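Heads up, the next two complexes both have subunit A, just with different partners, subunit B and then subunit C.
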Partner chain A sequence: MTASDGQLATEAAATDPVAERLLRFLADRTKIEYTTDEDLFARGGISSLFAMELVLHLEQQFGVAVPGPELTMDNFRTVQAMAALVRRLQGGEPNSS
Partner chain B sequence: MDIEWSAHGIAIVGAGVMGVGIAALAVGRGLPVVLVDVAEDRTRRAPDAVHRQVRTAQLLGRLPRDAALGELTTSTSVAQVAGAGAVIEAVTEVPEVKAKVLAEISGAVGPGTLLTSNTSAIPIQELAAATARPAELVGTHFMNPPYLIHAVEVVRGPDTGDAAMATLESLFAILDRQAIVVGDGPGFVSNRILMWVINDAARLVQEGRAAPKDVDDIFVGCFGHRTGPLATADLIGLDSVVDTLRVLFDRTGDDGYRTCRELVSKVQEGHFGRKTGRGFYEYGESMS
Partner chain C sequence: MTESLWQATRLVTEAVGAHADSWDRRGRLPDAVVRDLSRRGLLAAQIPAEYGGLGLSSRDNGEFTAHVGSLCSSLRSLMTSQGMAAWTLQRLAGAGQQAAFLPKLAGGKLAGVAFSEPSAGSDLSAIRTEIRTDGDAVVVQGEKVWVTGAAYADLLVVFGSYREGAGVVIVPTATPGVRIHRVADPLGCRAAGHADVRLDEVRLPADHLLSASGAPLAMLVTAALTYGRISVAWGCVGMLRACLAASIRHTSVRVQFGKPLAEHQLVARHLGELAAAAQVATLICEHASRCWDEARSDLVTAAVLAKHVAARNATQGAAAAVQLLASAGARDSHPVARAYRDAKLMEIIEGSTEICQLLLAEHALAGSR
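Take a look at the complex of A and B:
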């Protein structure tokens, strides 16, 4: 990903309220600014155990229940993936897998 | 003895960090679990904690995502372990407490029921003496968190029978756990080595020779370990580390196991590591 790609992804978040809220939550908890398509676990600021916090955050903030088959790291690897999961669980988007 | 595990399930006595973690592993593998603790607040909190740990393991790909979960029942009465295919004792690492609880369990189950102790250091022969049938007791030293760590230190005491070992093998096949069988003695293999290292690492911090992170960085950066001894101690729980060191010192007289001031003071101040949010490192909110 280039810096301009990241910039575009961040700008795209401005039009996606779910992604925007997730970016804000991550910045608040980790003190790191992420872009929507950045691998959250690659930079080292987020541990795999923190991923469970992301699951609970999604459920509490967006009123969804993440079922067993959706509990995969890939669904939580990027803000984009989490936003897509939220939309899917809210019934707005078919499963892309 | 052939046991239909999905029908009989297992019982776990002690709903602390390890008891809850072992329950998560078993429930996630589809086994019914009876989880017993004398403290009602622990049995009340346990179902949520077990559920969260099962989901964490599923998220990390360490438990099946589609399989039906085992039913979890909680109780404050040891009598409820009757009928289980095996009973795992996971109470606090204090010899007198473990012996008392094992005697109660042994009186509540029928002959032929596998009984295991999740002791981290107390010799199995010593604990077996408290039970009605010493041949049925095996040491199963699960590491924390049990639902993520595949290998288990299994301790065969001098009195442990072949039937108990065979039943354990069958249970571990269901739980998808690898048994590393070792001989009996204080600390077995794992903690005879690890506790000495943790105590000395803490002593280095106490003496001002190195900060906790520097001690751990030597193990991680130079030796290639995944974590250093002090981060490991925080994960185990410093209260458990102090209990285990006491067990080892009392049985070996080795000064290497004499608990250093740094560990004692942290425990006295209530800083037990990850489970309280602070130990050698800060973790923010409690992670228990």
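Take a look at the complex of A and C:
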């Protein structure tokens, strides 16, 4: 990923309300400005407790239940992935994997 | 108080009666008592009704847990394990696994949760227990220590490494290759059935591996421990209430230097601090349970905070109670003497005081960068 890709991805988030809300939550809780395709766990700003907090945040904010089989690292690695998970759980999109 | 909470409280009060001291001395809870409480859904009272459970809220189960903790910390400790096993299934299992195992935990079976190992206590990333799939089976190899309730358990919820992350597997204790050795002389919660567990090439049907397996260890462990921490915290509230009640009873009637102990200022200070410790622990547990019942994302930190504050208050409060009752509370299994020993264990399990401090510091730092 290049810096401009990240910029484009972040601009794209403006049209994706789920991603936009997640970016805001992350910025609020970690004081780090992430891009939608950035690996959240690579930078080290995510504590061991915060991973679970993210799960609960998705469930509460978007009215979904994340079942055991969906608690994979890949579903939470990026804002994009979490937004896709939310849409899938809301029944908007079939699971592409 | 809801009807089911009232019923639960009455049932467990009858079951414990005046036996907690002798259960502590013997280091055993009667099998019939714990089986009966499990069968009534009282050991994991938040299991939803659709699985045969009582479906209590975290707040109601918290008050119930505090009540049990005020009577017998060994039994409360067993409740923490059973409830944590149930919650692990609710959070990390697939629908079929939940349907298969949750009714057992509300229907007479007993469960323990196995995290710690000889070389992995606070640092669970060092766990060596290995979970691997082999054809249509899952195989577990490893060694667990200090598993609460394992001496009574029919099922163990075992955490281990799995593929690139961690796994959780349900191990019936009757499976070949499972060996359980009771910890002979625990400092506290002496009747809670702490045991070391050897798992020697234990082969199980693949559906015993919980669906979330493969996720990062921290995520899986945090999910399970969040329940455990709130449960331990409410148990500490119960210990504090019992210590306060015993201290008030004793200092109100015991006369020294011509007046009741409670009228001596140095004694009154202890009583005031003990009442404050109990009230603070209650409020912080109520907050954590509110986060749980409202499914708030700050639950995870609230649970660490509740456990940390309540456990430390309980060790300090129990020490004060022993001081106040002096020789009257200095017999080994007297309620305040039990609380003195039991509370210290609460500063060790489900994340030691120091681990809680690190987690809270990490949280504070993340919020202020």
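Throughout what follows, the second predicted complex is superposed on the first by the 95 of 97 C-alpha atoms of A that agree within 3 Å, B and C clash if a C-alpha of one lies under 4 Å from a C-alpha of the other, contacts with A are read in each partner's own complex, and residues count from 1 in each chain.
The definition used in the following text is that contacts are C-beta pairs under 8 Å (C-beta built on N, C-alpha and C of every residue); 3 or more make two chains touch, one makes a residue touch a chain.
Small disclaimer: the values here were computed from a predicted structure and weren't measured.
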Subunit A as common anchor, with subunit B and subunit C clashing or fitting: clash
Which superposed partner A:Met52 touches (first subunit B, second subunit C, both, neither): both
Partner with the higher number of touched subunit A residues, subunit C or subunit B: C
First (subunit B), second (subunit C), both or neither touched by A:Ala42: neither
Which of subunit B and subunit C A:Thr72 touches, first, second, both or neither: both
Contacts of A:Ala27 with subunit B and subunit C, given as first, second, both or neither: neither
Clash with subunit B (superposed arrangement) - responsible stretch of subunit C out of 1-9, 73-81 or 271-279: 73-81
Overlap of the subunit B and subunit C footprints on subunit A, listed as residue numbers: 48-49, 51-52, 55-56, 68-69, 71-73
Contact footprint of subunit C on subunit A as seen in their complex: 29-32, 45, 47-57, 59-60, 67-69, 71-73
Subunit C - residues contacting subunit A, complex: 91-95, 97, 165, 210-212, 214-216, 218-220, 222-223, 226, 294-301, 304, 359, 362-363, 366-369
Subunit A - residues contacting subunit B, complex: 48-49, 51-52, 55-56, 68-69, 71-73, 76
Residue numbers on subunit B that touch subunit A, as the complex places them: 52, 55-56, 58-61, 65-66, 287
